[in-house]
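These notes are about the structure you will find just below.
A, B, C, D, E and F label the chains in the order they appear, each numbered from 1.
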Amino acid sequence: MTEAECVECGGTVALHDDLEIGEIVDCETCGAELEVVDVSPPVLDRAPELEEDWGE
Amino acid sequence: MTEAECVECGGTVALHDDLEIGEIVDCETCGAELEVVDVSPPVLDRAPELEEDWGE
Amino acid sequence: MSEDERSESSTTSGERSDPRVAVADGGTEQLTASVVGASGFAGGELCRLLTGHPDFELAQATSREYENKTLGYAHPNLRGVDLRFSSPEDLESVDVLFASTPHGVSMEHIDAFRDAAGTVVDLSADFRLNEAADYDEWYDGHVAPEHLADATYALPELGREKLEGADLIASGGCNATATMLALKPLVDSGVITPDDRVVADLKVGSSEGGAGGGAASSHPERSGVVRPYAPTGHRHEAEIQQELGLSLSFTVHAVDMTRGAAATCHAFPSERVTTGDLWGAYREAYDDEPFVRLVAGGGGVYRYPEPKAVAGTNYAEVGFELDPENGRVVAFSAIDNVMKGAAGQAVHAANVALGLEETAGLDFQGLHPVGSP
Amino acid sequence: MSEDERSESSTTSGERSDPRVAVADGGTEQLTASVVGASGFAGGELCRLLTGHPDFELAQATSREYENKTLGYAHPNLRGVDLRFSSPEDLESVDVLFASTPHGVSMEHIDAFRDAAGTVVDLSADFRLNEAADYDEWYDGHVAPEHLADATYALPELGREKLEGADLIASGGCNATATMLALKPLVDSGVITPDDRVVADLKVGSSEGGAGGGAASSHPERSGVVRPYAPTGHRHEAEIQQELGLSLSFTVHAVDMTRGAAATCHAFPSERVTTGDLWGAYREAYDDEPFVRLVAGGGGVYRYPEPKAVAGTNYAEVGFELDPENGRVVAFSAIDNVMKGAAGQAVHAANVALGLEETAGLDFQGLHPVGSP
Amino acid sequence: MSEDERSESSTTSGERSDPRVAVADGGTEQLTASVVGASGFAGGELCRLLTGHPDFELAQATSREYENKTLGYAHPNLRGVDLRFSSPEDLESVDVLFASTPHGVSMEHIDAFRDAAGTVVDLSADFRLNEAADYDEWYDGHVAPEHLADATYALPELGREKLEGADLIASGGCNATATMLALKPLVDSGVITPDDRVVADLKVGSSEGGAGGGAASSHPERSGVVRPYAPTGHRHEAEIQQELGLSLSFTVHAVDMTRGAAATCHAFPSERVTTGDLWGAYREAYDDEPFVRLVAGGGGVYRYPEPKAVAGTNYAEVGFELDPENGRVVAFSAIDNVMKGAAGQAVHAANVALGLEETAGLDFQGLHPVGSP
Amino acid sequence: MSEDERSESSTTSGERSDPRVAVADGGTEQLTASVVGASGFAGGELCRLLTGHPDFELAQATSREYENKTLGYAHPNLRGVDLRFSSPEDLESVDVLFASTPHGVSMEHIDAFRDAAGTVVDLSADFRLNEAADYDEWYDGHVAPEHLADATYALPELGREKLEGADLIASGGCNATATMLALKPLVDSGVITPDDRVVADLKVGSSEGGAGGGAASSHPERSGVVRPYAPTGHRHEAEIQQELGLSLSFTVHAVDMTRGAAATCHAFPSERVTTGDLWGAYREAYDDEPFVRLVAGGGGVYRYPEPKAVAGTNYAEVGFELDPENGRVVAFSAIDNVMKGAAGQAVHAANVALGLEETAGLDFQGLHPVGSP
């Protein structure tokens, strides 16, 4: 289990082992959707905003 | 702590010690409201129906 | 990953050793569990129950849609759980696998499931009925009928002995569970017989539809309804027929709650009974049941079973009333469809099957006051 | 104010002249109406309907609690109405008096009511049953049984002829109305007979309890319930027995809505019927009825009667389904208890009695979408 | 029927003749209207209003999904309407076309719409803002900016003169409408100026999301929420800025109702005001407004604006309270988002534009009691 | 009565032994607790929590109305608890007494309470404010001001050190709790200062009104509301002023839920901050807090605090959003008013005061899906 820092909130994001570039994970602290842009060491960036329909 | 039998469902009703005649207790099993008609030994009877307003 | 690798990677279930042993000798070792379909409603509840269970460790929770996201992404109440969804393709080897997928999925993957775990608990209808022919009649057939004979129906109140040591457990339908709990004492005591007429009129919440949704379950359309969604011919009739031997007139209504299933069963015994007879029958059936509360009459605001009084719990409230006019017995029950009707029943059955404390992990008592949970 | 003054102050009803004349000759003159019990739920709806009715002028609205306050004080939707509550002690002379008071009040004041108005429409149960003995059996007796023979049951779908010219009208019970509308076509067509078993399982909203309240109807306790509040022995059975000749097994549940009564009737005809027979019976009964909509099957989200689809209106949705397994007929109906079940039915009956356009003042079609109205 | 026949069959809209003439001379002839997007929530309400409107005949209602189905298929309250959905591809020539489609659709079809009808009322945001640049900033640009200068903002309370004779009308946003109605008297009277800080905190119902649905608006997820769905940056800020000249701090919450938008505006005037000043300002602004009810304090249960009191109606309740501690003015308003916030406002504006009775077709007073409509 | 007398009157905690010792040396001995006002909403939750708490035994639960009835009579979820209500006149000697009575009752009985128990936790406002003068300003004065100096405000997130060993604990107001949890990180980090303007707009459930009820809280009137019940001047402002040093603009709305309080705080820092600054402030404040979950943005259905996600739990969800337009910070929080806002906070504080495991008895995680709990 590796870790990386969330670019949004500074929290620690736990990452599984067979991480692949392009995967999307969410930050446990702030919930931001983060894209894996590098794997060794793992680097995360904010995932491109999916302008999701969210309610009203 | 004494006990008595519920006249409605036959369940056991636990009674506190300084029981008084005329007290109303409810049966733990069926919820019936029971009146203490005697204390030693304790005897319970169905309490007079209070035609309570209950909803619609 | 091969079968061998998988079983090796599991520290607790190695060599298919009886998992119950692990607990028996000291109680510190935990069983591992996985939930397939963990992003769904019943799956989310399984995750909540298993992470709070003294004897289980939640090793895996699958979701195709939310792969790699935290459990809290789909289930806000699980934000504190340090686990991410993984793919159902990569099943880990565990002691118990709970499958909480739509009908038809488990039967397709049952070999993989039983490979991955010594005990499989399935929440769908795929292993509830004994005969392949029943699946032709009530569902769209069965693709793995050879497992049907292995399967045990989960509802412990129908008989917990056969569950002990069971390795394929079929958790009951929520509406069937509610109905059978209301009627079982009448059947056992002979108050009603297979020939007597029984109408079961159910009122259920929107979570029965699962997390998927659809136009009819959008909030504006679904709010405030009393909607007859299965006026006749609900599939749960099949389980009830099998387990209780009764052929019912079944009608299910959607009402405005999220959780909950309430059954009102109108039964017409051929012989007159007294309220005392009924109390006898219900107490006989349920006095020793840890998850059944008898509620029939009495005073106060809550005099008969109500789903909101058991929301979030594994309890069933069961009660009855006798119609002095025509001898009709009205039998009520109320459960939380996602708990006693699904995830709670599944964990309860697993507890029994594995020899654990029967109520372990199921101690939540419910809330009061509570609105429309 | 003396009797004399009162009758003088009324321009239209003087000399007990037939009020229908006023309208017949030109339509510009309006009938005067008063509502006794106007601060209540049904009374408020009567005020709304009468102020929007082309042929009525609301002359008086009584309340003891809100005397001298504007109607909008109690009913926020009536803020635009320029009228204040007055005391029920000072009844004005009007053409029609609507009494919307709790059971027992009208029978006490019936002489004063009939004195004050040529036509009295009572919304309570006080004049629904034909025989004084029925009041002993189902209620707490009757203090003015001599008026019972004068009274006509209001529900026009049960026969509007007898309503024409009626001067004492007893508006039906809401749960009885819902049930009878569902079953009447089956009775009329002979599909069910008095000996057939019929279970009526109702789900109703909190406004049935009236504006009074009480612990069980406080928001925290009442929200989200599926509460069997009349498991057996609901008083409306008496009206149904009288009007339809059927002896039912009746169970009423409170569910989480404010308005609405939904009846699910499970009937077991002694002879098998087809869906075609049922359509025939229902169309025969209701094709000409302006306030009944047949809703049975079809597609879309709304396939069977639903109370929210008729909330605020005088419509009843009626439908059915045939259970192919056992020949059971499931008959559904849905109404707004305060409208078709009370104020709407009362105005409808008054329209018929007074020879007005039958649908006058009752044209609201209901809303979509609508939550839990 | 060919295009020619159709336009001939329309007596009023030929040659872009002023449709108001038809009504002026006698009032018996009706204007024809069509609704594009009639299967939607606002579209359904338009159909209800137009079929009940004394001066309109609903000629066409479009839906791609429900083409050829009856209106009642999508909208159960319209079961009595004898009209079927048709395709938006085949627009009939009518006097007034109401477009009730998602943002972006009207701007694409505006030429066809204006071709088909002398008066076009659009309910989307497509013609609300004056400048194409605003669409770049707040939306995704505009494809027909040449029409923007023709368009008139619909909300009559902001000025009905400019609406008279308007032929392209842009119905306001529901949240903007609620907010502006609360604040307008404060702006008009100078109590607040563009530099003053104003927080607008809104609570809205699920029908704002339209008939489409989605995971977040499924009943189990959407029930019971107090969900900040637009914590900052709601697009309606643009209209408010344009129409009131105020730059607000805007936050919108979804709450558990189907219909309704309630605005709580916290304003901090630079100079102290009295309650008397505020009553003056609000009465000045609204005393003559047929659809605004002032509700501020007083007694009883309903003392401030509440959406459920106006559900189904075109009314707005508006009120205020002065915070004696810090001079803050709390201004409230409550509307039905689908009515005053959409279909009702659109019909109201059309009435004004066409010289009809301003309140025609909008006379429903709302219900009491009413749950969560 | 002196400290000494008080400890002697305690029969169960023997010899003034520090009750914390009992647990420290082995963990088997339990502390005894009583609940005064146990038939109320907060009192019922206290009973639920204490009977499920590893370190407490519920010795007494008082009710005048339900004396001698089982706890389950008033609270259906406590049907399994073998205890009957007793009179508040006959207080037993216990380790901890929880008083959950209306404002004004505790101050009257505080001597008896402190006599009966070494530790008293009061849930009313009677001991929250430091100065008797504050009670004159915000309440109706105080009859036992000599105890005010002894009292410690319960909310552990505001500082748990001062709670350790406290023997008179004042549990915070529910709306104050929600508001302070949202704002505390902004205050601690200096993002907002006492001079900055802060609007707190709250939305709360019907259980805040207690079990008593009244016309405005009857189901038909209270359902579906967005009702401004405290437009200005809510008493909880006093606690917030005292504990956070902020003077707020406070407005409280009733919305349609039974449990829950959601605070939306609009703050206008004098200096611009970044989202990163805010995350820093909130993580600093709450990273080690066992009952605070940060929820701000991200994806999925649940992106900001929502009361239904914490219903039944002692958790608070806290989050924020930055308005890029004007630098406004919108801070959100959501709690269950009866739990984190009352009974849960009280037990949490008692845990801290008595040196128990801080989270003991408070492990319920909440439900998903859940409707309007």
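Here is the rule we use: a contact is a pair of C-beta atoms (placed from the backbone, for glycine too) under 8 Å apart; a residue touches a chain by one contact, two chains touch by 3 or more.
Everything quoted here is computed from the prediction, not taken from an experiment.
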| item | value |
| --- | --- |
| Partner chains shared by chain B and chain D (touch criterion as defined above) | C, F |
| Chain located farthest away, centre of chain F as origin (C-alpha) | D |
| Pair exhibiting more inter-chain C-beta contacts, B-F or A-F | A-F |
| Residue-number overlap at the chain C/chain F interface, same or different (half cut) | same |
| Equivalent-chain rotation between chain F and chain E, CA atoms, steps of 5 degrees | 180 |
| For chain B paired with chain E, centre-to-centre distance based on mean C-alpha positions, whole Å | 61 |
| Chain A and chain B: spacing of chain centres that average the CA atoms, whole Å | 62 |
| Chain B-chain C separation of Cα centroids, rounded to whole Å | 36 |
| Junction residues of chain B, two or more chains touched | 26, 31, 54 |
| Chain C: positions in contact with at least two other chains | 41, 69, 73, 79, 205-207, 211, 215, 220, 223-224, 257-258, 295, 298-301, 306, 369-373 |
| Residue numbers on chain B that touch chain F, as the complex places them | 14, 16, 23-26, 28, 31 |
| Partner chain D, residues of chain F touching it in the complex | 41, 205-207, 209, 211, 213-215, 217-220, 222-224, 258, 371-372 |
| Of all residues in chain D, those that touch chain E in their complex | 41, 44-45, 48, 51-52, 69, 73-80, 205-207, 211, 257-259, 293, 295, 298-302, 306, 309-313, 317, 338, 363-373 |
| Contact footprint of chain D on chain C as seen in their complex | 197, 199, 201, 203, 215-216, 220-221, 223-228, 231-233, 247, 249, 251, 253, 255-257, 260, 262, 264, 266, 268, 301, 304-308, 321-326, 328, 330, 332, 334, 369-373 |
| Contact set on chain F toward chain B in their complex | 68-70, 72-73, 79, 82, 84, 86 |
